[in-house]
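Labels run A, B, C and D following the written order; every chain starts at residue 1.
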């Protein structure tokens, strides 16, 4: 994958109107760009236009530093929110964990195999349980003991630490702490959480216990961007598994862990590929 | 299927304790019964034992009228709740519908093909929209116009009508009315509803609109026994389908209708086969 | 749905090259068309470009009879295979059935509810078993008794009958006869079959028996366009269901029937919406 | 989990006949055993009876060394094939791998977290690529370079090595070599393989390439016991994922890897819990 030619990825959202696709594709075409993938979507109810366009930079007549300047007038004319990415930029991803290892191992194994082409400069935890895992993969590991009294202060420390690193993405890999609004606002649409239920069912603590008590026949997992409302941020991906009366809470936990791993990893993958647009507390995922 | 030999089906729940399976299987064996299927389950948390045992009546040394009497002492000793069924008893099933035809057609088509071996003496509706469907299948159709004022009175009429029929099962096949506690108590664990969401998410009205607004990536359907709490009865079966940002409420409705049909039909099938035990607002489904 | 404004749908495939999306969207935009949906795909391996573009005809500056003429030069320049459809054209769909009713009822119920906006001028069968179903829905029903001797002659009769009707789509709704190459070539990519396995597993007769014998843990259904090779045509849609050692062939048949209904109906729906492009014995389905 | 009381697990298969369940449950009951779980199945076609019964050894009147002797007469009378296991016996599991790390990491992570309560005395590979992974988890790693000429000799070396270890289970965790009949016969129903297709589709090499070429809309993975026929052994577990025309072989590989991990781990879990009975090249899995 390292030898793939570099591509540019443009993510756009703006008020819908005629000529948008033509204008953007003309821009790429007129500079000799070959479109690799184009996805667009119109939310008819909200009248919002969304687009992801990826083109090969080989032979493109603008070099990468001038693309933004060249595109800006068009973006302004159509009142676009937009982001430009290049496929060879390495994302910095910080992981937050607690005591359970399954999601952490899964993420690190994808990183080792090259499925996630990222740098992982830091793992943060509120317990030292997983220090050995971090060590296995030779990644710095920082423990912050958290209690009611020190919570606010600890978070300021964490924010300071992250400010040094400037991560592009923070993944809560079964981090069992609620993070505050202040923290979240430092990283809008950059914090991905995995919640162990098919949201909006079973918000909050101990969702497998809730699922067991309600007697559901399916359990699920949901990855979402973190917002100020607990477990209520924009959903990126969900999946489910069947359970029966034979399942105890313990076996639901076991089955659910597989969902947590795959559902989180798909969300991270989409994010790394710049395939997600957020609006209205929902996501457009161009898979 | 009509020529299958008759089998007896015993459904048991009681406090767990040693010797239960041995006692019941001895009872069957000592009267020359050949067990066709045996399922048991213990809820370790509640310490409740559940069992379904089905045996061939061919060569059984008790005739069907004396099985109950013969089994009663054992049942009393173990404090069992129990039901005895014979496979050749035809269930009387009444359908409640409203304006949408998809579930009704699906149920009737399964009845026509022999998948549901039942009698359908009546279809009840609050609108006359589906009268033509009932006519196609030559089934009596009764319309009750319902409004806030007459609701209680209409329900008394419905109960009187049903008392004449004595249905074994009432299926709410997208009947869009809330039925009262009084009605429900006439038919405990005998009324099956299909709700168009993966409960407990999106209880109440317009679940597809709720799902669209929340931006979920899966939609679902849930069949459950009706209890006094709206959409909170024991869940029998659930299933889900993927949706994306491309789905409008309308396309969610379209995709969801297929779920509604299959999820309801599985619940009805389990019920007809006497495979469901209800306790603690949950179900044991011996599939 | 009847009141929706009319839209035009253009399906395109051609050798990939720069400027294709820009050229087509410019064509629509320059005639005041508002794009409702645009999907494109490039098969990188084969270097083929595929596109589906749908725009609102309200306010479009070309009337529907002149769109083709206006688009033709551009199509020629890019060596496009292309089709133009309008959303208000009613498809003529002929059904072929045999003895089993479940798929037929399902298709007819979707037609009755308006999910399939088609005309059904004829149902063809090799048995009279389902004549009553056709009668319920008031659709002409023609029986052709088929045996080894008369097979070729019967097919010529069928072709003659169809030539009168000029169907846009023929659906083999569990029609248990192999149709000949000659017949197929009259209706290229216009005959959809439902096969009761997850192809390419269990081609040919009695796939549920084959599945049972192999001891698989999932069964499936596949809808595909019919080609000269048995069960080897371009796959449109597939789905699966879990089975266990408890399942007999009979219960696999019962579970599989639900798959057959949904998988066929999705394929028909995609076809009716002009969302399928066929190439290389595969399909591009813009859902 | 380590503190769970010890339970005994009896796996039985024999010709079906009356009184089997009663006889076995009487045996347990008469020695003061409390049944924790009982599953039985009758293959009506083959007339074979299968049973798994698990009971608490606390208070059981036979100690674990005498259970076999006490049960033997009953087993002989009914011509049973049977196995007796105790829940606290640690399984010895050897892993065979090649160059891909995803399944290996997944298995080792489940071992680390205690989901798999096994000893892993050895990892075998035909390449040294994954030596570092073995090292991370501190497990002996042996490389055997294999080519056409030395294949038979190498296998004899492997068999000798395994004979020293006496593994209870060998897991081919994406080991890309065909193992010979001779090797297999040393470990009947003790070698589990993961094949990256929904068997029996796409047997043999490069199943994702085969799937891409055929244009399927679902891909799958299958775990099975290894027999002399390539990819034709008794299937333990299967699962699938959706793909579309957008998927390349590379993205199918990526999506399929998640299936491989979960499908293999479920099979291993069932095996470790003594929940699988093999007969007729099929499995009964009492989940």
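Quick note on the criterion: a contact is a pair of C-beta atoms (placed from the backbone, for glycine too) under 8 Å apart; a residue touches a chain by one contact, two chains touch by 3 or more.
Please read these numbers as outputs of a predicted model, since none were measured by experiment.
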Angular offset of chain A relative to chain B [C-alpha, multiple of 5 degrees] = 180
Interface numbering overlap (same over half, different under half) for chain A and chain D = same
Per mean C-alpha coordinates, the chain lying farthest from chain A is B
Between the Cα centroids of chain A and chain B the separation in whole angstrom comes to 41
Let me have the rounded angstrom distance from the C-alpha centre of chain A over to the C-alpha centre of chain C, please.
-> 37
Per-residue multi-chain contacts in chain A, two or more chains = 246, 287
Chain contact graph: line, ring, star, complete or other?
-> complete
Within the complex, chain B is touched by chain D residues 18-19, 21-22, 25-26, 28-29, 32-40, 42, 242
In the complex, chain C touches chain B at residues 100-102, 105-106, 108-110, 112-113, 115, 133, 136-137, 246, 254, 257-258, 262, 265, 287
For the complex, which residues does chain A have touching chain B?
-> 41, 43-45, 50, 198-202, 214-218, 220, 234-240, 244-246, 248, 280-285, 287
